[in-house]
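The two complexes that follow have chain A in common; it is paired with chain B in the first and with chain C in the second.
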Partner chain A sequence: MSTLFSGDFWAFVGVVAGIYTILALGLQIQFGFTGLLNFGQVAFMAIGAYTMAILVVKEGWSTWLAAPLGIAAAAVGGLVLGLPSVRLRSDYFAIVTIAFSEIIRYVATNEDALTGGSQGTIALGKVGTAAQYNTQWSSFQSRVQGWLGFSSSDATMLVIVWLVAVALLALTALAVRTPWGRVLKSIREDEDAAASLGKNVFSYKLQALAIGAALAGIAGLFYAWEFSFFSPDDFEPLLTFFAWMILLLGGLGRVWAVPIGAGVFGFIFAGTRFLDFAPFTWFGSDQRAYLRLIIIGLVILALVVFRPQGLLGRKQEMVLE
Partner chain B sequence: MSDFLQLLANGLVEGSIYAIAALGVSLVYALLRLVNFAYGDMMAFGALIAYGCNGPLHQSMVVSALAGMAATAVLCLVLDVVLWKPLRARRAGFMSLFLASIALSLLLRQGLLLGAGPQPEAYHVNPYRVFVLGSVRLSEAQVIAIATAGATIVLVALFLARTTAGQTLRAMADDRTLAAIAGVDVTRATQLAWIVSGLLAGLAGVLAGLVEYSFDPNFGFELLLPVFAAVVLGGIGSAYGALAGGLALGVAEELSTWSGFAGGVNPTYKPVVAFAVLALALLVRPQGFFGRARVA
Partner chain C sequence: MTALLELDAVAKAFGGVRAVDGVSFSVEARSITALIGPNGAGKSTLFNCVAGATRADAGRIIFRGRRIERRPPHRIARAGLARTFQTARTFRRMSVVDNVLLAAADHPGEHLPRLVLRPAAARARERALQARAAELLDLVGLSAHAQAYAGTLSGGQRKLLDLARVLMLEPALVLLDEPMAGVNPVLRGQLLEHVLALREQLGITFLIVEHDLDFVMRAADRVVVMNEGKLIAAGSPDAVRSDEAVVDAYLGTAHGAAVPA
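== the complex of A and B ==
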């Protein structure tokens, strides 16, 4: 019960919610505004995190050069995925994106020489050494902690992640109000109409996909720094589904609904840890981990059936079809 | 050359399992426009029910397989009543159905992990009995799988082509509204599609469990993506496409590891090969081999 009242624990929940906000914001641009059914979002997170870690450990790059390159690599990944696939029908596109994310995970698991394989980033360096990619980040974080006068590193990370998240949310909110954003929405509503008005639908879809992928890349960087170790298992398709759940919890087509969805999700996900009363006590701790995911599955199902526009979405603007 | 034939045989075994599963996915898609992401976990459900009969209850493999298939069909029917029917009544589109099936997949898999535990299980069959055919060696499980799959494919093809029920299903796949106007009992036909799809899921699960020898509740989900690739390769909603796609994919996966083919691909990359084949095929023919060209 003591963790329930621990500030550090809830700061951690807040950090994870912030990372998910950035991840799901990418999906909001891709699906909520452009109508692209991307089910492979986690792949771009992996590309961002791995690019940064590999450049830092293997090439000895500065974190401040490697991180932007990780984001760029994620965006390029979005273009590579999009070039052959955005012309496909939406159901085919959805399947191809899941497939893409699984391919990325397979490659990360099997290319030991490049990624450290299934052992994760700890095996990135020479044999027998535990590789660290976050030395520079940690010293930056402790400097920020000094400025803020915080005693907890979790609280510091919370501030950093949410500053970035709010900045990205504000940028996105501005971007979707520009003519560019209106073209995206018109593609979501009626692709043929947008094309008939001379808009290059293919190019706009690619842009939305690449920008959403770049956001996932940023989420991947923070994920890597927050946990100071990751392996291909951290990028299972489950994470993409969590991002989708956040999108639905918040609401489709609304930028500021994303952090609310992420907050509610974080609360459900963390809150299910405290189910230590009957009937949950009948199960062992590993079985309760399955129960948590069952509860999350039930919440998604209930949302899809009863509230297809999301908790805060506008029914007039966008309903999950 | 002999290892080429061996790989071809392995590919046909794997491909026939993909084909059965792809048929089940495609059938439901053709009628309900539902891409069932929970199908892999339904396969695992069937395989584990069969294991329950075969292991702890000491039933023969045939009885166990039938029990697993029947249980999966019942599961599909129940889910149709409690989940898919309300969604259809709300005129839910592709997106809602797909997301609901993803959530269902999560529920089913975690439910199986909760019920059966994460440890791998194996059917009580002799893994060392081997059939030799020329230079090709096939395990008993592989022979059973390919024979059963062959028989099933013929049976399903006859069912769809010759029986009234099969024609009803094809009519509904063509045009649901028109079929309803022509007097087809849409509810009954939908239930029938779920029964067939469930039986196929259970069978594919049991056969995959036999061939892989040991399996856990996650194995269905791992099979799902190649099955989807097979469905898309053949064209979603096309029965013959699903069969062809499944066989083609199984063979492509196995043959990619052949040393005569540019040294062969590392076997761990077999699933990647499946998707590379898929991506190439979609570039050439975006609607799949047998799919109808359709906008949106």
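== the complex of A and C ==
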């Protein structure tokens, strides 16, 4: 029971929820505001993380140059995915996105020379050496820890991730209230009508896709720094669907619903490990790990029945859809 | 006489069906032209070709002296050719006033770099547009609903909203696709008045697909009749009404005879 009251443990849960918030915020822009059914969001996270790690380890770049380039690479990835596919009807587009994310993961698994292959980032450097991409980040993090006067590095990361997340949420909330955001919503509602009123639907969809991908890239950077090692297995499609669960939990088309959804998701996900009493003890501990997926599934089912608009969504908008 | 819109041998086939089969006619500036014909005559397909929603297989479409048959719909709209849809396509989860504001052309606030670099210009334009949107909503009698979700409006009100939205574009030519369908008689009368007043006051040209022949006879200067993808008659409402080909198209060639099994 000791972890239940461990500050470090809950700080770690909070860090992961913050990373998921940034990842799901990208989906909120793409789907919640623009109507783009993106099932490949995790690919942009992978592109951001790998670009940064490769530039730091192989090219010897500074983290502070490699990180923005990772974000840019994710955005470019969004454009590359969108250019040929964004004109497709939404269900076909969804299929393309999931294929794209699997292609990225397979490339990362098989291009050993570029990515370290299935061994992950540890194999990025010379044979026989364990490659490190986060030396600069770690020293930055311990300096921040010194300023804050914290004893825990998890708590420090919590502050950094959530400062960035809140800034990005605020920016997004501002952006969707502008005339630009209005065009995105009109495309979500009826793209043919938007085009008939002179809006370049193709361009706006690409913008939404690239911005959402850039956010996933940022999430990828924090993911990489938090775990100081990653491999292609970290970017399975399941992660995209976690982000979707967060979106549905929080509510569609509402910026501040994203951190709420991520918080609830993170709490359920981490909390199920404390179910160490009957009837849960009938299962082995390895089996119990899957309980959290079952519980999240049940929560989403209950939500669909009792509160289909999500925790923060607007019921009225559901009816009008 | 200058033609605002000219169609020259426009054709569009879906598989083996020649929905539009070499149609040519022109729409004069400041005119109200009605496009009529029985169901399946190809009117809506022709509309979609003109508005760019579907691309014509052959022929030329010339608007304000420029060929538009290969342009995407948003560029046709920006050139000053606006259209409404058969069933009004409002943005349901957006407010009524946002529906109208959205239609404004060249809004700096819709352009991300300009929005970031010159936010004041975007705000100023938005304020000016808000005044214009309020005027237009007043014109079509929807001011009371300005802040409501567009999805809560009735079918007839949505058609009026569609009209207000299209006017926000400041178009030279408006294509109305069955504006009277599903609209109650009171609103019908209002719509007719709006169309006539807009032509008078703003010099807007209309091309209207409509089944309500009463409306066609009262509003149109010129009527163009299609049947089975082809143009079968064109002229004044009175001339078209007594045209034998038109009567045949609507009633069948053997008037009064039993429909062949």
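Here is the rule we use: the second predicted complex is superposed on the first by the 311 of 321 C-alpha atoms of A that agree within 3 Å, B and C clash if a C-alpha of one lies under 4 Å from a C-alpha of the other, contacts with A are read in each partner's own complex, and residues count from 1 in each chain.
We take it that a contact is a pair of C-beta atoms (placed from the backbone, for glycine too) under 8 Å apart; a residue touches a chain by one contact, two chains touch by 3 or more.
Keep in mind it's a predicted model, so treat the numbers as computed, not measured.
Report for A:G198: first if it touches chain B alone, second if chain C alone, otherwise both or neither.
The answer is second: A:G198 touches chain C but not chain B.
Going by the contact rule set out at the top, does A:A130 touch chain B (first), chain C (second), both, or neither?
Touch partners of A:A130: none, neither chain B nor chain C.
Going by the contact rule set out at the top, does A:L163 touch chain B (first), chain C (second), both, or neither?
Neither chain B nor chain C is touched by A:L163.
Touching A:Q207 in the superposition: chain B (first), chain C (second), both, neither?
Second partner only.
Touch check for A:W180: first (chain B), second (chain C), both, or neither?
Second partner only, chain C.
Applying the touch criterion given at the start, work out whether A:L148 contacts chain B, chain C, both or neither, answering first, second, both or neither.
Touch status of A:L148: no partner.
Who touches more of chain A, chain B or chain C?
Residues of chain A touched, chain B against chain C: more for B.
Quick check on my understanding: which residues of chain A belong to both its chain B contact set and its chain C contact set?
Correct list for chain A: 320-321.
Enumerate the contact residues on chain A facing chain C in the complex.
178-180, 182-183, 185-186, 188-190, 192-201, 207, 253, 316-317, 319-321
Given the complex with chain A, which residues does chain C contribute to the contact?
It comes out as residues 51, 53, 72-75, 77-78, 82-83, 85, 89-94, 98, 101-103, 105, 107, 109-112, 115, 122, 126, 149, 151-152, 165-166, 169.
Which positions of chain A touch chain B when the two form their complex?
Within the complex, chain A touches chain B at residues 37, 84-85, 87-92, 94-96, 98-100, 102-103, 106-107, 109-110, 191, 238, 241, 244, 248, 283, 287, 290-291, 293-294, 296-298, 300-301, 304-305, 308, 320-321.
Within the complex, which stretch of chain B touches chain A?
35, 83, 86-87, 90, 92-96, 98-100, 102-104, 106-107, 110-111, 113-114, 225, 228-229, 232, 236, 266, 268-269, 271-272, 275, 278-279, 282-283, 286-287, 294, 296
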